[in-house]
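Going in written order, the chains are labelled A, B, C and D, and every chain counts its residues from 1.
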Amino acid sequence: MLSLIRGRVKMLAIAALVVLLIIIPLQGNAYYTSVLIIIGIHAIVTVGLCLLMGYTGQVSLGQAAFYGLGAYIAAVLSKTYHLNPWLAMAVAIIATAAFAFAIGFPIFRLRGNYLAMATLGLGIIIWILFRELDWITGGQPGFLDIPTLSIGGFAFDSDLSFYYLVWGFCIAVMFISQNIVNSRIGRAMRAIRDSESASQSLGINTIMVKAKILALSAAYAALAGSLYAYYVGFIDPPPFGFLFSIRLVAMAVVGGLASIWGAIFGAATVRLLTEFLHPFGDIDTVLFGLLLMVIIILSPQGVTRGLGDIWRRLSRRLSPS
Amino acid sequence: MKKVVFIALALILVIGIMPFTACGGAEEEYKIGAVLGITGFNSALGEPEKQTLEMLEEAINDAGGINGKNVKIIIYDTETDSTTCFTATKRLIEQDNVLAIIGASSSGVTMAILDTVTDAEVPLVSLAASDQIIKPVEERYWIFKTPQTNSMVVARVYDYLSDQGISEVALITASDGFGALGLEELKDVASTWGMTIVADESFDPDDTDMTTQLAVIKGKNPEAVICWGTNKGSAVIADNMKDLAMEMPLVMSHGIANRDFIDLAGEAANGVIFPAGKLLVTEQLPDDDPQKDVLLAYKADFEYLYGEGNVDTFGGHAWDAFTLITDAIQSLVDEGKEVDRAGIRDKLESAELVGISGIFNMSSTDHLGLTPDCLVLVEIVDGEWTLAEE
Amino acid sequence: MATWQLVQYVVTGITVGSIYAIVGLGFTIIYSVTGIINFAQGEFVMLGGMTAFSLIGLGLPIPVALMLAVVLVTLVGVVFNLTAIRPAGRASSITLIIITIGGALFIRAVAGLYWGRDAVALPPFSSGASLSFLGAYIRPQSLWVIGITLVLMVVVYLLLNRTLVGKALKAAAINRRAAALVGIDARMMSLVSFALAAATGAIGGIVIAPISYASYDMGVMLGLKGFVAAAMGGLTGVWGVFLGGLGLGLAESLAAGYISSSYKDAIALIFLFAVLLIRSRRLVAGEEAAA
Amino acid sequence: MADILQMKGLTKTFGGVIAVNELDLEIQEGELTAIIGPNGAGKTTLFNLIAGVFPPTSGQIIFHGQDLAGTNDYQRARMGIARTFQDVRLFGNMSVLDNVMVGLHSRSKYGILSAAFRLPQGHREEDNIRLTAINTLNLVGLGRRADINASELTFGQQKLVSIARALATKPRIIMLDEPAAGSNVLETQEISDLAKRILEMEITVILVEHDMRFVMGTAERIVVLDGGEKIADGTPSQVQNDRRVIVAYLGEQEDEI
């Protein structure tokens, strides 16, 4: 009974969020809309990282590379090879996920610190390829004039239309992730996080589960990357480098590593800090550094959980019993 | 469960923080936006650009502004990141409602906003080198730029080398966007000057040592080495060439046209030759040089504010961009026309200016308007910039 | 292929490798005692170079400035340990990785705000032209780098293996609870390891600043390379990281010389990958023992 | 009765140390066997070898007539070999029920897609998983604690959950590593009863235990290991009077003093 009410509250909150997301861009400022688009795109990557790091306990310091793979594959296929942008996007997602799945088997023989090392190295290697394979990717100067998405005669070429597209995908990704977390696979993920040897002893092929989740997170990243490429119309290597991988970790941590909907909050906080504080110098980076340390030490579940704890404590104190 | 509620609340809060713009109504000031790479890889470019713009803003307003209205410069840092530059540009256009935009500092980041300014119909004056930014000119209707193009710079380098009777060169270029664009141009037009590229090496500006690449080059015995990069990496190259006792001429790019390069490379900087705007050798120019007065004035103003010997050509590009735009506003005012984005664009397209980077003659087919003679060759002698003998 | 070129590649590889080894040494010291990969290690190196530059700028005699710089950075290491590592207690490796990444971001950004973004150069330790042998050249500062690296390795080795502090550090690394029983405070040992790593990092920054200059963001790349060197060396022994550093330096230099300078970093990282995967079984066993 | 498990010449060395030495042992189906021996006798190593945590240095393990060589731990779990751990290893951040439901992972099969889009197959299987897990939890007497966090249980209760979790994999044989360690007299008796109930479910039980009273009162057959070798094998009363066993234990006590 209690859980039923809780479920209602949750559905209401999600509904409120969705309504809010629908209303926000109607204020007509395309700048806010564009920032929210970027937030939505980053949130999609962050959810994948949450599934991998928060739920399965496997660190990835190279997630930006999957984001970049999605962007580059979609861009190159749709521009150079004139593939339909939707098809190019689908190929980008599938190819990136397949690559991640394949690389998962050798890489997940490693754990903890060594896994961090390997994913970091992998991310940089792929980044160097973006930079050096210039006859395909345009190299450092970048890849220009990427076509945009359209359905029938309707092109997603305005900020407003692209906003709804991105957030449509984002909400769908959130629901899918929530469902997976609450399923048999989600249980296996959490079991692996808590004890890998015990999971193996219960018949879970842990490397397979980890590789699947890596592939899923890579698919999310590739979806986000291709959306980014279609939105901006231009890509170059810097946004897909090591520092962005770190920034993604920051988004996941701020939102709560094991929190699906928190990813939106994390992506929003990190992006908005950059938007509003960067004009005053590198203060945003100082704050990221502090945030990462403080949040992970004080409230490993992230800011949203931390607030929830405070709320619960307050309401307990206020209630007469 | 509460989490979701909190996220919703947090988002509402966040949106609340975003100050809603006051749209409509006559603007009290002429607003010009700038997106500069103040942090990140291109900080050596963005910082003097920012300083120059702030200096000019103050100067023009102290002198009464334009038509009694102040000029306001709004600067955002791109972090040399195309995503950040993209949203910053949106912000300038949609929220700050600027008349024109200056930037970005480098080519890659500028590329990311070409579509945005074109769709929004806002004139952009870029401070980046690449030709691609303003070509093809039909598609780049709203885009202008002030720095000399790579092709001019490369032409100047090859001109010089072939005058010296040199035809076998080795290239060593940075792996960043600046180096990559230079490399592309250097390779593309080498044959026009009859140049043979005997070695083509690259370096990461963050590398600690480049003697390996230089040893490869040394083994190929080129008559000259061309290095394309910015301060730090280029200084290591100059230093390492001395270490390896490589005596052939070392020609560099305009990426080292600032004091820091000499400070870093020290002794090793001597003998390095590079093409640059005339600003670095202002005092040595003949008195009849039409740019000399402008250059002297900018140099004096800048160094008064930011220290002796600190002026560099990157700030000069910003000076040109600012002056082009404010001149355009002034002439719209003079003609009694409305000052708007389209008006400024039209004026930019017919602008004539004796500037820092050269003498601009813009036209509907040339959104730069410079000729190659705006570049001179500079040699570093005893730690000082010297106009090279040709 | 000329012989002198090969010799030059090797000389360069050893110089660069020594730099990586110094940076990697800090990773190794902290990891072997606490099991933490300290992503802020590169920032200690940066702080060493930048602080030394500032102190020399204040007019202090160079040797005094250099030593003071090492002391100050050591203090930063201590403060970092007390404020960020100690409060986390015995957290998972993910948590600790994130904490040190946060620390690295913080230190780097503050350094950028304080020192600005330009690179600065320290004077070389001794002047003079480079020495020539077999047609290759080596500059005096490279000899300094190699020499100081070797001395540092020996000193740290002796410190860890021949002194009481070293034995305590090792004991804490092997078994915290047992160490605590004989009166060794693991938290104290963690503190000592951070201080030691910060000091070696600072020395590294000072030694390389005359060659490749110092700037607020140098820690990113150097940190990565040092990390790879330490990883190749197995992250436990002093000599492992020395060999790891040399291996990485030589791999990079030879790759740049004989294959392609554009891909040298990628080649070095693929090398790391191979080492990690080949040794994965042993590494995993080690991680489990540490956990 | 048929042998469910046969070990032939089983040897495991770590570096130079021999943990299990040329061990020949048969476990009969439906029997409750206890393996005892002093510390370092190779008991846990034997469990790890049977469970497939690591491969033997030499020798064979045959399960239901099938050579287990080349299979690893999760595959053996799926074949019907379950185990618990000395240090329990519950999933501390999950509920008690979830812990047991994880045990049913390999006995269900709906995949990531069914989960993502809530396809009906997933729903059906999930209902079954939940029901079976609750039943299994009731079997160990912890049905009422299903919803609390596993780390909030007492050590004894955690041991019970870990047994339930292993039982949920529907094993043919279950290996209990020191199930009574750290439990009081009452709990020890419960575990003894539980072991017998498991036997009634036609699951073969092997257990390692130091608590002699528990072993003598529970096991039908006792195997004594020392230094990786089998030194005695028989009914409790046979083993109790075996000279070599007495020497092994007394010898060990002398070492300790």
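Everything below uses one rule, namely that a residue touches a chain if its C-beta (ideal position, glycine included) is under 8 Å from a C-beta of that chain, and two chains touch if they have at least 3 such contacts.
The model shown is predicted, which means the values in this text are computed figures rather than measured ones.
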Among all the other chains, which ones are in touch with both chain A and chain B? C
More contacts between chains, A-D or A-C: A-C
Between chain A and chain C, the Cα-mean centres are separated in Å by 32
Geometric centre distance via CA averages, chain D-chain A, whole Å: 41
How many Å are there between the centre of chain C and the centre of chain D, using C-alpha atoms for each centre? 46
Quick one: report the Å distance separating chain B from chain D, using the average Cα coordinate of each chain. 71
Tell me, which residues of chain C touch at least two other chains? 112, 220, 262, 265
Touching two or more other chains in chain D are residues none
For chain B, residue numbers touching 2 or more other chains are 39, 175
Which of the chains are touching one another, listed as pairs? A-B, A-C, A-D, B-C
Where on chain D is chain A touching in the complex? 51, 53, 72-74, 77-78, 82-83, 85, 89-94, 98-99, 101-103, 105-108, 110-112, 114-118, 122, 125-126, 129, 162, 165-166, 168-169
For chain A, which residues are in contact with chain D within the complex? 176, 179-180, 182-188, 190-191, 193-195, 197-206, 212, 216
What part of chain A is in contact with chain B in the complex they form? 6, 9-10, 13-14, 16-17, 20, 24, 27, 29-32, 34-35, 38, 131-132, 134, 139-142, 144, 159, 228, 232-236, 238-239, 256, 259, 261-262, 264-265, 268-269, 272, 274-276, 278-279, 281-282, 304-305, 307-308, 311-312
Touching chain C in the complex, chain A uses residues 53, 57, 59, 61, 106-107, 109-114, 116-118, 120-122, 124-125, 128-129, 132, 242-243, 246, 249-250, 253, 257, 281-283, 285-286, 288-293, 296-297, 300
Which bits of chain B are touching chain A when the two form their complex? 1-8, 10-12, 14-15, 17-18, 20-21, 39-41, 75-77, 79-84, 86-87, 90-91, 93-95, 107-109, 111-112, 114-115, 130, 132, 175-177, 179-181, 184
